[in-house]
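Next up: the structures, one after another.
Both of the next two complexes hold subunit A, though its partner changes from subunit B to subunit C.
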Partner chain A sequence: MHAPSFSTRPRVLAAFAVPALALALAACGSQAADPATTPSSSGEPVAGGELTFAIGNDPISLNPSGTGSGNDTWYVTRQLVDSLLWQDPADGTLHPWLATGWTANADATSFTFTLRDDVTFSDGTPLTAQSVKSTFDDAIAAGALSQAAPLLAGYDQSVAVDEHTVEVRFSRPNAAFPQAASSVTLGILGEATFAVPFADRASGEAVVASGPFVLDHYAKDVETVLTAREDYAWGPDGRENTGAAHLEGVTFQVLPEAGVRTGSLTSEQVDVAGGIAPSDVPGVRDAGLGLVTRANPGIVFGLSFNGASTLGADPAVREAVSLAIDRDVVRDTALTEDFAVATSVLSHTTPGAVDLSEDITTDADAAVEVLEDAGWAREGDGLFAKDGAPLELEVVWISNFGPNQTSLELIQQQLKDVGIGVNLWSGTVPEFTERLKAGQFDAAWGNLSRADGDVLRTQYSSAATNYYRVDDPELEALLQEQLTVADPAARTEVVAQVQERLLATHAQVPVHELTTVVGTLTDVHGVELGADSRLDQLTSAWLDR
Partner chain B sequence: MTRYLAVRVAQALGVLWAAYTVSFLVLFALPGDPVSALVGGDSSDVTPEQLDAVRAEYGFDRPLPAQYVHRLGQVLTGDLGRSVATGRPVTELLGEAVGPTVQIAAAGLLVALVVGGGLAVGAHATRHRVLAGLLLALPPLGVAVPSFWFGLALVQLFSFTFPLFPAVGQKGPASLVLPALTLALPTGAVVAQVLSASLRRTLREPFVDTAWAKGAGPTRVHLGHVLRNAALPALTMTGLVVGGLLSGAVVTETVFSRAGLGRLTATSVGAQDLPVVQGIVLLAAVVFVAVNLVVDLVHPVLDPRLPTTARRAARVPAPDRPAELLSAAPAGA
Partner chain C sequence: MTWTQTRPPGAPVAADATAAAADPSPADPRVPGLAASDPTASGAAVPGQSASDRTESTQTAATRARRALRALVVPLGAASLAPLRRPGLVLAVLWLVVLAVAAFAPAVLAPGDPLDGVPAEKLTGPSGAHWFGTDQLGRDLFTRVVHGTGLTLRGAVVAVALALVLGSLLGLVAGTAGRVVDDVLMRGVDVLLAIPSLLLSLSVVAALGFGTVNVAIAVGLASVASIARVMRSEVLRVRGSAYVEAAYSYGARPAGVLLRHVLPNASGPVVALAALELGGAVLAISALSFLGFGEPPPAPEWGALVAGGRDYLRTAWWLTTLPGLTIALSVLSANTLSRALDARFGAHR
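The block that comes next holds the complex of A and B.
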């Protein structure tokens, strides 16, 4: 495709030359430990060139609030659509983007955004307060079809105060809304979009937005080709390049096989590959290619107990499980150095995450003691039992992350060593969801990414989906309270209490963080992951060839 | 002949109806539904009322028999419904996917017939015993090797290590080579095995001795006499392997990152996109039925001695029967 350019670039020095990158490094320890492999911006960006970016799944829907393939879809739509605010990956704070500023009322039921007056959509129409109102109204009208509906929980209405001021009102507190407003899902669309029914927008042809790239064409299961908008000049304040992209265009190519994605990268058939499997990371590193890594914000991988099952409702069982799991061994065996052992139920990149690692300990003897104190006794087979019922947990999981099976088999062994039996069950996503719905499990293995502590409410509140049936009024009160506190600092306090409560009750036993890994050729620079650990705008990316 | 054709078409329609009905029952018996899959297991704060509204929009809220009758009625008018995941008409999605799959299927079938057939003929024509044994050992190996592994091995070798062919995509004939080889492996192996067994039997027929005695050269004996008589079971087999090509496309298109029916099947099953999956089942059934109908009709053309009533019999218990018939009055001898 092109000549490789390994060799003499002073990458280590360059890594510290650019403030934005230094911030990014500070945000993620694993990167800081290995700066040579980050695609540093060496020198002045070069304009021009087309970038080929391999993704694992077809985007399915280029409608920003439609249901697509998750990360891979958002990698693409982030390039097409701008949001009201931008979340800084360095510290999780929110910064102006399409909105120059915003205010919230005290109980977090009303948010007023002042909009930039120089933004135009790709069809030439200007961004106005009405655009914001129409976007949110449209998402609500689409109901469950729109992924924006959960983010707009309690939405009452939007009011265009003047041409460039919009007030978004909720019928109940939603302090998580400003962060949600920074997501692709709540990206602002032009009026022409809404002339086409929601269900007919998946191909992206009808989507009119203000992003730095516009859709050239989309071929299902093959590629999505974007071209840069030359007049783009309203990137987020916090980013290095707020203007038009250096690249002329980007092709997102669908390569479903992880091994083929990695091979295509190492053989230089693509420039960037997303979703590098943990087992492929050492190979990419050894080949001297760039790795952009960032721990995903949100709930870490771990076991969430079913509060309605006999075993899941037993605090001694939950505590013993937490004590019996050796997280370092799981990380060292199933994963790579790029993955961090959990320090809380939230990963360290989540705004408001607190380091509770001192409370997350491994002590097999203590685990046994906890069970014995609670009246459990060992049977002949070495497993604990009480009243004739064996201590055997039904643990359900899905293979949405490659190493899950290895992690769980290790945990199964570690638990067995202290006398806790584990039955592992896995199935398709719909089967898994049905089991969660029906409560047919003692504990479920999984994670959930979102760059806001409210993610804990969506999973553990009895008023939300309530798969885990956690019966804890104190926790419930805290989960609801964090939604009512508009002041970010005060809200962080409440989110900290939520984490402490979840950890103290062992409703969730955290194990390891998820890390997003993107591989790049050495002449690709400025590919960055956002606060949500998904691809940020590619305006900063450039090719040195 | 007209009556025969009418019966066969009626049977084909019966098969299509059965395929549609069975797939309908199986898909609806699965846990979950397309709407839950669409909204996703992770999302919360979506009320049951909102979910029900979407179900109603797609008609998934109605009782099963009513849904069945309604959808079957639509199918009869050529309307396969709309994809739940993308909102696009199923016929449109199928139309887009057919082309790329036909490309690799046709290329794969060609390679399978040439290589598989050549291997069988070569093994029986050679006087070199070791070579013959080696050639005859290949088809069982080809059947045993998982095509997923074979495809990845091809990519690794001929694209990542030696950049001869592109690993992904569908631009230009070069991108067709590796997928066609992957798809041809199991198919070619089956063709080679069936043809080989048939050749072995045919070679023992008296008319072969006659041909040699009359002074025919090896080429004429093997290709003009033996192959022509031995090809019938392999032809029948080819009708069956077309189905194998369709299912092989799922693996091949995934490994080689190509769009097509295989990928559409994989993603639609994953998303429980029922209308699309049913559309694919119907299309596959149509192709299968049509190919086998054609094979049936071609049989008497290749072998005029086959009586109409024996056509069906000749199809199924493959290798034995044609040979018996042929021994009575060998064609071309």
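The block that comes next holds the complex of A and C.
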């Protein structure tokens, strides 16, 4: 075993301090955890202790609907805010959380939530229908600053029917709204939050929410320290612990280098490390450490073509690319067996995903044939060309996922073998977004996580951001239709048709699914990933020490 | 590694420049005679100036050729005469020769394709078949390092050439064109020196766009200032020498004196500094390509190779270590050569 590190020392002190504190609180009539519980490995949670969690990126914004750095931001903000509904990671179904129940009208334009009456925000004020209304109104008023806007597509207004009933109305159908209401982005905030302008809330000091943790302090690029709320008692029923967190606090420490995160974990300097690189997974497993893995729901990693570029608009090129990519080799080379080869444009953990793996094949000869039939001619042993223009795809990507470059270099090699050239371009996130906006690419490599098929609309509808300029009226009709169907079963049927359509036209060429991999020390228990494969609230987590 | 301005061991920089300006000693105290005091342009060149135009031009050509030959022979001679006394220098020169071969004829050292890999042979350690092991795509790392030499080294040469030309020009003008021009140019150089060179390179690359040539230009611009400083101080020193006074007294034109007497005698330390800058440029270019500002993948630039191995630090040490050692050895070799050149030219001061 590893020698005890410096960081374990304060925890030893904490272990003595906790019973004393708990006794004092028990004397005051509080429902603190039983101080007599002795540490054991039998699975009985132990109260107390501070958890150190290594993340790769600074959260940037602790405002739940602000623009942060993606998953790492949501790891932190999820601890601070609760949502109206909770999505069960097991099957993607929605369950009560801050809302005890909800109803939707037939055309999915109005949703009525009844709220719990025992919820208080961290400043002591109670959760009311007005809190929900203010949260949504505020997100809409913030416009482009807020990431909530795409989730509230068609938002008209919220009406506080009574103190604990709120009706959310849309001007057009938004059947995906209940799932969106379970996201961190639409987490419910207290009135005090809105006194501070939206743009000034990034430091998190102004954010008042009802989550099981509150912000202690945030040091940019260093750490975010949270402390547990002892009066928290409204966790969703699906969780093992619906009450206050076992932990006293959590420190999210920023460690940008994946190798350093893994090293910090194996040397016991952190308790949990997010974003373990696939190449480090076998080592972590061999060291006997815990691994929490879950395939991300949403759009899988793959190439999305630009419908407005000459090459991206050519169906033969898209089909040939799909046929030329050997997904198993990409998975085996760039990733590990924890990652699944894509079976659809949606990953298999997405509610409504269908297995279309029979339509995703690899056949280099067929790829060449498709191009030749479409009038492309191979110049010697080199690249295909048509009318003097070589078949060279400009593929843009960002390094938001470590193995991207390896995957793309391999795909570049596989495409070259059938005569398709690839130029790779990468830059910062803003530069990447700028190129997508300007349409300066033939194909873009990427994924998008969300536990709902509506993610396909936000990505490929010409009425949304429309980065990919997909010119396909049939697809567009289906994408809009899935929003109008309030019945989940009927909606799943439409989402299935969307996937089949995207695959048939090769507007997106799926390659591999993303799997979130979190490493933990052996004495850390109860760290769970939510339905969106991002860290769930750490109420069930405990330290066996 | 440090990112402060690199300076040659013996070259006068800030303090010397002002000292030289304040004390333009009229005669070189080390040399008693006037005409014989020019160490490179021998006595024959001075009488040549009073001869006809035709003779002057041939004389000049001959002198130039002799100087060039001497510049070449001097370091070579140091290596051939006393290889046992300076094994470090011999190794450094050998290493630079290997690099030159790798840069211009990579197939001689590594006949394989640096971009083609066998996924089944990924991440195998160094062995007889793969000297540097293979990377995450099963590509031979030795082949990639060899083929990356051209990209990195060409970039470094472009960077140093740019810095040498621009810096020398600035230094020469500042040292000769009078006080106002000198002040303006040198304050500009001060501003450049105040900005950390990596930061300056990053800003220039951000403005120019990615790619080896742009990275080279950025690195070159960042080292203009130090070369200009050294050149100016040398020009000030030489300008006050007795042989320059003598040349003027023979009636030579200012431009002629500048090109024939001042520039050759002032350039020694600058050449030594340029060799040092070459090592610095290799390091700076590798740093920028490590950060992703160089050629897009799969180009095997050295810095990009190190960056590509980062995710495999725990499982495949050779991916970062061997390209990193290559960079380190190249920089050390350039520094060793620079030291030798400085010692050689420093003897004239």
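Everything below uses one rule, namely that the second predicted complex is superposed on the first by the 501 of 545 C-alpha atoms of A that agree within 3 Å, B and C clash if a C-alpha of one lies under 4 Å from a C-alpha of the other, contacts with A are read in each partner's own complex, and residues count from 1 in each chain.
By our rule, a residue touches a chain if its C-beta (ideal position, glycine included) is under 8 Å from a C-beta of that chain, and two chains touch if they have at least 3 such contacts.
Model, not experiment: these values are computed from the prediction.
J.: In the superposed arrangement, does A:Asn71 touch subunit B (first), subunit C (second), both or neither?
T.: A:Asn71: touches no partner chain.
J.: Check whether A:Leu145 is in contact with subunit B, with subunit C, with both or with neither, and answer first, second, both or neither.
T.: In the superposition, A:Leu145 touches subunit B alone.
J.: Which holds for A:Thr350: it touches subunit B only (first), subunit C only (second), both, or neither?
T.: neither
J.: Is A:Ser203 touching anything from subunit B or subunit C once the two structures are fitted on A? First, second, both or neither.
T.: The answer is first: A:Ser203 touches subunit B but not subunit C.
J.: Looking at A:Glu409 after the superposition, I want to know if it touches subunit B, subunit C, both of them or none. Which is it: first, second, both, neither?
T.: After superposing on A, A:Glu409 lies in contact with subunit C but is clear of subunit B.
J.: Check whether subunit B or subunit C contacts more residues of subunit A in the superposed model.
T.: Tallying touched residues of subunit A, the top partner is B.
J.: Quick check for you: in the superposed arrangement, does A:Asn423 touch first (subunit B), second (subunit C), both or neither?
T.: second
J.: Quick check on the superposed pair: does A:Val329 touch subunit B, subunit C, both, or neither? Answer first, second, both or neither.
T.: In the superposed model, A:Val329 contacts subunit C only, not subunit B.
J.: Return first, second, both or neither, reflecting whether A:Asn174 touches subunit B, subunit C, both chains, or no partner chain.
T.: Neither partner.
J.: What is the contact status of A:Asp280 with respect to subunit B (first) and subunit C (second): first, second, both, or neither?
T.: second
J.: What part of subunit A is shared between its subunit B contacts and its subunit C contacts?
T.: 257, 259, 263
J.: Per the contact definition, I'd like the list of subunit A residues that touch subunit C in the complex.
T.: Subunit A residues touching subunit C: 257-259, 262-263, 277, 279-280, 282-283, 329, 332-334, 399, 402-403, 405-406, 408-410, 412-413, 423-427.
J.: Any idea which subunit A residues touch subunit B in the complex?
T.: It is residues 57-58, 60-61, 67, 143-145, 147, 149-150, 153, 199-203, 219-223, 253-257, 259-260, 263-264, 266-267, 269, 428-434, 436, 448, 458-459, 464-465 of subunit A that touch subunit B.
J.: Please give the residue numbers of subunit C that touch subunit A in the complex, ascending.
T.: 115-117, 119, 122, 136-138, 210, 292, 296-298, 308, 310-316
J.: List the residues on subunit B that touch subunit A in their complex, please.
T.: Touching subunit A: residues 30-33, 35-46, 50-51, 53-54, 82, 85-88, 93, 96, 152, 155-156, 159-161, 163, 166-170, 253-260, 263-264, 266-267, 270-272 of subunit B.
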